[in-house]
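In what follows, chain A forms one complex with chain B and a second complex with chain C.
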Partner chain A sequence: MAAIEFEKVKKAYGSDAVLHGIDLAVDKGEFLIVVGPSGCGKSTLLRMLAGLEEISDGTISIGGRVVNKLEPRERDIAMVFQNYALYPHMSVYNNMAYGLKIRRMPKAEIKARIDKAVEILQLDPAMLQRRPRQLSGGQRQRVAMGRAIVREPSVFLFDEPLSNLDAKLRVQMRIEIKRLHQLLGITTLYVTHDQVEAMTLGERLVVMNGGHIEQVGPPSEVYDWPATRFVAGFIGSPAMNFMAGTIDDSGEYVILEGGERLALPAGAAYAAGRAVDVGIRPEHLTAVADGPFSLSVELVENLGADSLLHAYNEQGAMICRLPGHSSLLPGQRVTLDVMRDAPIHLFDSETQRRLHSGSGRSNG
Partner chain B sequence: MVERRGLSRVIPHIVLLAGLLLVGFPIAIALIASSHTAADLVGHFPATFGSHLIDNYRHVLLAGSTNKGAPVATMLWNSLVMALGISIGKIVISIASAYAIVYFRFPLRGLCFWLIFVTLMLPVQVRILPTYQVVADLHMLDSYSGLIVPLIASATATFLFRQFFFTLPDELLEAARIDGAGPLRFFWDMVLPLSRTTIAALFVVEFIYGWNLYLWPLIVTTRENMSTIVMGIQHMVVVADQTPSWNWIMATAVLAILPPLLVVIFMQRQFVKSFVEPEK
Partner chain C sequence: MIERRAVFSHRWLPIALVAPQLAVTAVFFLWPAYETVVSAFYVQGAFGGSEHFVGLHNFTALWDNASYLHSFGITLIFSAATTLLALSVSLLLAVNANRALRGAKVYQALLAWPYAVAPAIAGVLWLFMLNPSVGLLARALDGLGVPWDFRVNGTQAMVLVVMASAWRQIAYNFLFFLAALQSVPSSLIEAAAIDGAGPIRRFWTIVFPLLSPTTFFLLVIDLVYSFFETFGVIDTVTQGGPANATNILVYQVFETGFVGLDLGGSAAQSVVLMLFIIGLTVLQFRFIEGRVRY
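Up next is the complex of A and B:
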């Protein structure tokens, strides 16, 4: 039985439909990441699960129990907010104890649970008597997580918990959250904007766009086999290069706008004359002496381990990830080719769906 | 803070000193006058303190400053009950109605808010006759409830609390709901403690307002032992067939400003805090 199940869940604010029928099952103990552009309904989905928003249509169940009409406190969930939402007038201890006190838990047990959370989160026990405003952002985030942990809920909900932290702290807390999940094994839904969090934290990734789920799968599968053009462009940084093209008469090559000819991946039949979008990831391009793409260098970003080459021609701009430092200069000509055996991704120009399935599964 | 030098440092002090003199001078006169006998004050005004300070205060507190009025102690008590009743009543009613308006969705919520808001345009002076009629019909004349109840509905205070509640982040409510707090718990555990400084500021303002009320108590009370201190002072000045006893009148005036002064002194820190440091 799934720990959480969304069935045809819809949400509308008045006449504005925000979610258009979400179907999703989350396994017990799973760490599920939800990503998508701003305004696609990620928070709304999470808040409906938490009971903070009404469900316009469909059902949500937690542990097999339909929760549509239940108050947040009856759903056995805990949530960590982006801005922490600590109670400003209570000490750190009372912030964590508040939910337990309401549940009339004995004082000794409250203390035991908080002590355990303090240990898990490596909080300084001296901090327990302070007010939230006397803590740093990272410490507040830990306290907010502590408040969720002490409840021992069956589901954790995170809504962009790290986006208010600086880059270094974010890396640290990301690892912490992953460790926490491995330790406690509680089913977790985690909304994020961050590519790295999306790729590394979870066991499965849900990519949303405009109130729909575009794809669900393990991060590597979503990365390697994006089901739609949107997913291909959204996951991965820098984003995938896209070019318009047409399948040639033999069905073995695609002719790009600029006249370049690329061999099609084997394993599928392509209808001759079909209009397609061709996607190639920056790391699958390489600078060569002679290749299909001839461009001018716009700029080079040296990142240390590798460098990003931004180049353009009449058809548009392309980004290529080159190993090591690059000595290319702006204005220079460069010729790029797709690496041997590297995948190229084909999407129907009209439906935006992936054309060849390869070994990856695609959702719906 | 910008460091100030020269003129820009002197001028604020001059302004402050001028203000201090302006406010302090009448109080000094009242204090000096209340330390002399009535005879000493006829024809000239003494520049120094006399020797009857204690006598005068004891007299007005216990016996009143005219032959017929109530003792000042009674009037002080009446004023205190009225001012406390009004300020506490206003706070209780307006925080509750603001909470309802901000945190609950009920039919005609918008209309309710606007009805409350419109009463801002109807201060006591405007509705004094109908209100008097209502109080008279309810047999509340010459009683504390008659003095207090008609004045405790406050659109201003409701509005102030409403604005304050809007500054509390939504996530606070959501976190509390997830923690299991219902509407009443959220009010007691979150809203009330967070409103502490707003409440303190309102209390100061409303206490002074209630203490200084003149027209309303004048209208609803006729019995001497129900009159308030502000009314009392007025009565003393216009006694018939008698020279006003300025020493006693001044002693009464000094006593009358003490309670508001104490309220300001004790609540000052909270009051200022409510403007500079909302605890959020």
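Up next is the complex of A and C:
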């Protein structure tokens, strides 16, 4: 039995539809990431699960129990908010104890649970008597997580919990959250718009766009076999390069707008004359003496381990990830080719869906 | 640091700009206050002319003045009731206005109107409604079997002046409470809901504590209002009666000075009233200062 189940869940504000029928099952103990651009409905989905937004249509169940009409407190969930939402007039201890006191838990047990949470989160026990405003951002985040942990809920909800932290702290807290999940094994739904969190944190990734689920799968699968053009462009940084093209008469090559010819990946039959979008990830391109793409260098970003080459021609811009430092200068001509054995991705121009099931290895 | 002060190139311009306000303060506040303090130490002839320095006699005489001590007690009851009523009703209205989705703006605007009504006018309005012979509310009470006549019943008179005084202040408090409510982050209330708190518990454990700076501020404002500005209400509705049942200090000051023509005694009462309210305000602000700000 799934720990959480969404069935044809819809949300509309008046005539404004935000979610158009979401079907999703989350396994017990799973760490599921929901990712998408802002306004895609991911936070709304989470808030509906928490009971903070009404469900316009469909059902949501937690542990086999339909929760549509239940108050947030009856759903056995805990949530960590983006702005932490700590009670400013209470000490850290009372922030964590608040939910337990409401449940009339004996004082000794409250203390025992908080002590345990403090240990798990490696909080300084002296901090317990302080007010939230006396804490740093990272500490507040930990306290917010502590408040969720002490409740021992059946589901954890995270709503972009790291987006208010600086880059270094974000990396640290990301690891902490992952460690916490491995330790406690509580079913977790984690909403984010951050690429790295999406790729690294969860066991499964849900990519949403415009109120629909675009793809569900392990992060590596979503990265290697994006189901739609949107997913291909959204997951991965820098984003995938796209070129418009047409399948040639033989069904073995695609002719790009600029006249370049690329061999099609095996694994599917392609209809001749079909309009397609061809996607190539920046790390699958390489600078060569003679190749299909001839461009002018716009700028080079040296990142240390590798560098990003931004180049353009009449058909548009391309980004290529080159190993090490690059000595290319703006205005220089550069020729790019798809790396040997690197995948290319084909999407139907009309439906935007992936055309082939395989990884799409080009045969040169 | 960025310079946040306005910088004037001429010295006289800022002086000219604040001069009118300073002049008004000096002529209408400082000078009368000074005159009051001075006359508190003198005994004046009832028809003017003669004046004798008597030291603290006017103050010590207050201790033996039964009507004054009675007035002091009445004032405490009146101020406490007015402030409590004004604060609680306005908070209730603000909480509901904050929840309203439709017509919220109209509701808020209408609730702000009474503040534009002068206390004396407010008194007259309530007087009309509760006039024992022609008042609509008085008739309704009569119909319910409540014998209503504030002209003979001291308790009813007190209820009437408290309602009339609080009514206007409710509008003022309402605006502040509403602004404070709207600044409480919704995520706090959501977090409390997920933590298991129902709406009433959420209000008393989360929202109300966060309103406390506003509540303390309004407490000071309302107390000062009920001590001083309610003269108009008392004068139009009860003139301190019946049998001094609504004779609050500020009205007693007026009675002593302008009806009893004991200017020195009246001045002494004013000084005591001033000191009392200054003390109260200092105490309250010290208390607020000591509180944690959120």
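In this section, the second predicted complex is superposed on the first by the 358 of 364 C-alpha atoms of A that agree within 3 Å, B and C clash if a C-alpha of one lies under 4 Å from a C-alpha of the other, contacts with A are read in each partner's own complex, and residues count from 1 in each chain.
As a working rule, a contact is a pair of C-beta atoms (placed from the backbone, for glycine too) under 8 Å apart; a residue touches a chain by one contact, two chains touch by 3 or more.
Everything quoted here is computed from the prediction, not taken from an experiment.
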Overlay on chain A: chain C relative to chain B, clash or fit: clash
Touching partner for A:I102 - first (chain B), second (chain C), both, neither: both
Touched partner set for A:R73, first chain B, second chain C, both or neither: both
Partner chain in contact with A:F242 - chain B first, chain C second, else both or neither: neither
Partner chain(s) touched by A:P88 [first = chain B, second = chain C, both, neither]: both
Contacts of A:Y253 with chain B and chain C, given as first, second, both or neither: neither
Doubly contacted residues of chain A, that is, touched by chain B and again by chain C: 50-52, 71-73, 77-79, 81, 83, 85-89, 98-99, 102-103, 147, 151
Of chain B, residues touching chain A in the complex: 169, 171-172, 174-181, 185, 189-190, 193-194, 279-280
Contact set on chain A toward chain B in their complex: 47, 50-52, 71-73, 77-79, 81, 83, 85-89, 98-99, 102-103, 147, 151
Chain A to chain C touching residues, read off their complex: 50-52, 71-73, 77-79, 81-83, 85-89, 98-99, 102-103, 131, 133, 147, 151
Interfacial residue positions of chain C with respect to chain A in the complex: 185, 187-188, 190-198, 201, 205-206, 209-210, 212, 292, 294
